[in-house]
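Common to both upcoming complexes is chain A, partnered first by chain B, then by chain C.
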Partner chain A sequence: MTHNWETGPILRAMSRNKVGALLIALQIAITMTIIINAIFIIVERSALMGRESGVDEANTFYLTSTGFGSAFNASSVIDEDLRRLRGTPGVVDAVQINAIPISGGGWSMSLKTETGADIDGIGTANYFVDEHGVDALDLQVIAGENFTASDVRLRGRNQSDWPPVAMITRALAENLFPDTNYADVVGKTVYIGNDEPVTVTGIIDKLQAPWIGWDRLEHAMLTPEKMDFSSTRYLIRTEPGQRDRLMAEVETALADAYPNRIIRDVDTLTATRERSYRRHSAMITILTAVMVLLCTITALGIVGLTSFNVSRRRKQIGTRRALGATKPAIIRYFMLENLMICTLGIVLGSALTVGLNMALVQWFNQTALDWFYIPAGIGVLILIGQLAVLGPALRAAQTPPALATRTV
Partner chain B sequence: MLSMTNLSKVFRTELVETHALRDFSLHVDEGEFVSVTGPSGSGKTTFLNIAGLLETYTSGDYTLDGQNVFTLNDRQRSRLRNEKIGFIFQSFNLIPDLNLYDNVDVPLRYRGMTAGDRHQRICDSLEQVGLANRMKHLPAQLSGGQQQRVAIARALAGDPRFLLADEPTGNLDSQMAASVMGLLQDINQQGTTIVMVTHDPELARQTQRNVYVKDGRVCDEAAPVQLATVNE
Partner chain C sequence: MFAYYLRLATKSIRRNPYLSLLMMLAIALGIGACMTTITVNYIMSSNPIPHKSDDLYYVQLDSWDPYSPFREPNEPPDQLTWRDATNLMEAKRAHRQTAMATSGAVVEPADQDINPFMASLRLNFSDFFPMFDTPFLYGSGWGSEDDNDPAYVVVISKDVNDRVFGGENSVGRTLTVAGKPFRVVGVLDTWIVVPRFYDVTTNAFQDTADIFMPFYMKRELELPNSGNTNCWKSPEGEGFTAFLQSECINFQMWVELPSDGERAAYLDFMNSYVEQQKALGRFERPLNNRLSDVMTWLENQQVVADDAQIMLWVALLFLLVCILNTIGLLLSKFSQRSSDVALRRAIGASRSAIFAQYLTETALIGVAGGIAGLGLTLLGLEGIKLLYGDFVSNLVALDIPLVIAAILLSVLASMLAGCYPAWRATLIAPASQLKTQ
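And now, the complex of A and B:
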């Protein structure tokens, strides 16, 4: 005995009663188009949000200190503050820094491997730190060495020249010298600003720039500088679990130590990340809600159409049962009918999905869809369709065969 | 072929018990053409449903083609219906969205026959009822009599051991009824056992034996009557 799938009769019957089936197929096509592109965008955004900054975000906070009054001596206050911060129990290390990674605001420069106005440079974020920067940011020096105290120079507010040494990230090293192993970049000279030579003394494994949407996000350069600015920022790394307690304690201690200043913008790297990626997470939330809504509406549409068909065909189902259809055969009939409607929707949906993605690529700089999203979307839609039809199909299978002999 | 002994069927609700059949006994031999008559509510349809394995019974014995059907599960009952019983319904019960070919094909697909076997049987049975040239038509494009002929073709296609006909001419005018009745007689003469439920004494007279049912019991099992032909 062979299983006879009623593909032909179902198709012919549907072709004579096509409006409902076509509407559901269209709904499936639209749902598929939107959910595949939405999932693709969600995966992309999630991947962006999952990128590591290179900093010990969970245990790091920062604050801004702004001194005022003619007696304010920035250099000595900064030295005193850093001594106090580094000596505070629970603090791993602290550093004065000009910008916070992934915060949205900072400095950038262009580096070149050769001098000359016609040579294009490669953009990089620039962080001013002293020899404590590596430890405070929890960076890994994978080649060369960290700054020493003697490398650190004082940078004035309007100073535009650069110190002779710098550390750069591995990604930047590999972009500057694509044919050289990153470790061999140590000792090489790069040119900054007005063709000023800077020697690379160390390579850092990873440190992101402040701008999360920048295509050079992994490009960062550390220069050994202490900023003689009245308004400055400190970045403090704590021992695990001490951050929140120390935020309040440090704020009070610094304010008490030198009253002629304002301590503000005390914030964590965790909150900074959340703020920077808020647009992405909002987009993910909205797209997820739209997907759930669309899938629910599509499933309800299928449930509605199948329930209507089951009610309309009760006598017919009873007759089929009388003629020898088993309960599984009745279930199989409705599942197969739904599968055929889904298939029509999926074929249409695949074309629409590719079309929409091409439009997104062309008009919104979206990345081209990976091929495997389409079979994955097909699988999801078929699963939704089959699950949605299961309830009405099971109800149909309960139709008694004796219904065939009833005249009403 | 069909043997019912002291069969009873009780429909129960919380408030009331209804005895649709009581001590119902009937034996139909192979090749017989038996009519079952009786007033409305007498239990004719319940008998037909039980005989056709469309419903279960409460107590008694029912043997179909030598097989006690009481212990069969739903799948086994479906299979037995499909392989041994052909149904003819009062309102034809054709599937409106399927053409005649696909309608006749329905029970054959449930038997799991190959496409080639099914095709031959469908063509033969539609030929037998005189509708082979209209197999691509939809039921709505046919007259009532023609639709009932399609239903008969569907019942015959599976080559059943016996036909159960429920008021087969109930929705037809007299001319079409005579034509359908003639067809049933031809089929019976070829050896198929037929049990026909009807309220029409004239039709009952055209069968070999009439069973009169009242209040769920067989009241009178008349002696075989002379087989009438359509032309008479």
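And now, the complex of A and C:
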């Protein structure tokens, strides 16, 4: 069997052109190193980008209203604005809020289950909303109760204390009380900013913090507050398909209703997501482009070198054909030769891949590669190699047997 | 002789147009990828104020939580509290010094036709302007007498001046900011600092502020905090003063120390200040103060993004593949012409002449690849701009050193690729190939 596969002659032929074979093997090794690590990074980044914020992103927008002048009465303007927004046809609900999920800017605090300076706190994002927050953010209260209007207190601009009740996300509840079912966290007391007690009155299914790179992204806390700030944000959730029309309408309506203010930063949550994750989507695009180019270059290199080998060995091929070798045998010869070179490249490439990944882990805080990426990468490279060699091999098979007799 | 080699080279390139094109393409792609990522990294890590980057120092005091460092492993906080910033400023121990903060306020132009707008504010001391060599279009910064009992004066950006005053010399005119009338004392010219080294606590590739005003206006007008506010302990008590007296950090500080002696003296002063504060029950962490010059500070704040560096390494490997590819193609190309070599050798060409001729040919391919690579680099930079959006537009521009580097890199890469095949060609024995003809 071994004799039929001609590995011996192939090896002997290769040993006469070691450099050519080595060059291809090296190319394959480096290509493999790059594409496996690139695919791994791409998969990781895609997973990051796939995380949901918990908000009805497709139908939500927000804006900032900044009042000025001494006559500006923030509290009454906010009441009036919210009445107007909630009464607008097409608006599902609207809420005054201090920060926008996944936007990059917000407020965070540390929570503890016991007081004391030496007890480690658990970080959480803080959102200030009234009883409409749940509806406007599209949240589900999975245990306990939503806020009522009477829970909502007025927070002054430099006020730093906290209301007595709060709702927290399920992820936060489970991290604060790891031994308790999340539903039983309702009614428990947590301490905010070291020693201020707050009672958990509700658990919500999911809401992300404003910072997508934060390891506590799933931690959020809602407190029932109306902010008496002259510069404030509203988050508006609309019925499907109404968002873009309402954005323009709401902006004009609010600006017209009270001239002594600036309406700015009117933006959708979809655009916010795109902006926040832009770094990752850019990396994915760039690495994909590099991978495609690299595979093309390597494939072209293989085509070039094999073509060269074929033309150099035309006489030899002609002789073999004249002595009875079939066309498939010639094709198989070159495919097998490429497979052997590939194998060398792959062995080298596997080591390099793991090495590069270790370097990335060490210097760039990337995660370690999952093992199955390596066999997958090997498969891809063998496929590229075999496809690239097919053309020149087919041409080699066309060499007429008579060629051998003519030139010798 | 060189002209002769050049003529032979162009002939040879024309003889195998596809193979030559493939080589040029490989070199061009490798160079394009490398130069794009090198440009991004180069500008991200470039020295924004080369002539005095060794004289300007960023001040850090470790005022953080006794039980955990601001950042592992034991990094001091990246900003100062109001108390410490103002105490250090009042001590006036450096040649020049400025504490800074950012904020925002509504600007109400006197002209009713111009809509009020939100402006970004930078609160700083008068030394800020000479320290950072801010370019003035009109007027100048305010004097130090306006710092402590803050005068209602502002320096505005060119954009704001264009918007509110139609680009005229507005020095002496009045501008309403945060509801208060301010006198314009200076208008900055376009001021692009990449990276914006003097404040990297927020995006280091953002523009400079719209309006600059005296630092103590923060307290006077109770201006809101912009940028990052971090507290390891809640403010004690209520109101704006409680925040200013708290352990919350939102302020930055730079000092100018032109000599090593001054630098050592200032570090001593910082340490003795902290010792003094320890006596008051603050600063419970071990002494961990720091003075970092501009480049050290940028490195500490990791202004060069990890992704940009990963891309650079990937691009270098990519270039390596392109070079290996070119070596392979050159080998096959040259060996096809072994009879030429044999003939030339037989009629008297020396080995070094053959080597020089083939190297000329690869260099020519390199130059062509390099020029095409520059085009690809421009394309790549446009792509980066497109992918990352406006905030990197200051980042992506090719300058002359980079263009030269690109050409040199490609010639070097191609000659490197050409060496081995050219050397192989010289080994061909004069008569061997002639026989078969």
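One rule holds in what follows: the second predicted complex is superposed on the first by the 403 of 408 C-alpha atoms of A that agree within 3 Å, B and C clash if a C-alpha of one lies under 4 Å from a C-alpha of the other, contacts with A are read in each partner's own complex, and residues count from 1 in each chain.
Keep this in mind: contacts are C-beta pairs under 8 Å (C-beta built on N, C-alpha and C of every residue); 3 or more make two chains touch, one makes a residue touch a chain.
Nothing here was measured: the structure is a model prediction, and the numbers come from that model.
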Which of chain B and chain C A:L305 touches, first, second, both or neither: second
Per-residue touch tally on chain A - higher for chain B or for chain C: C
Touching partner for A:N98 - first (chain B), second (chain C), both, neither: neither
Touching partner for A:K327 - first (chain B), second (chain C), both, neither: first
Touching partner for A:I30 - first (chain B), second (chain C), both, neither: second
Which superposed partner A:R12 touches (first chain B, second chain C, both, neither): first
First (chain B), second (chain C), both or neither touched by A:Q316: first
Contacts of A:T399 with chain B and chain C, given as first, second, both or neither: neither
Intersection of the chain A residues that touch chain B with those that touch chain C: none
For the chain A and chain C complex, residues of the former touching the latter: 19-20, 23-24, 26-27, 30-31, 33-34, 37-38, 41, 66, 68-70, 117-118, 120, 156-161, 193-194, 196, 231, 262, 264, 275, 278-279, 281-283, 285-287, 290, 293-294, 297-298, 300-301, 304-305, 307-309, 311-312, 360, 363-366
Residue ranges of chain B in contact with chain A within the complex: 45, 48-49, 52-55, 74-75, 78-79, 81-83, 87, 89-91, 93, 95, 97-99, 102, 105-107, 109-114, 138, 154, 158, 166
Chain C residues within the chain A interface of the complex: 19, 22, 26, 29, 33, 66-68, 104, 106, 108, 115-118, 178-179, 222, 224, 233-235, 238-240, 242-243, 305-307, 309-311, 314-315, 317-318, 320-322, 324-325, 327-329, 331-332, 335-336, 383-384, 387-389, 420, 424
Residues of chain A touching chain B in the complex: 1-4, 6, 8-9, 12-13, 16-17, 315-316, 319-327, 329, 400-402, 404-405, 407
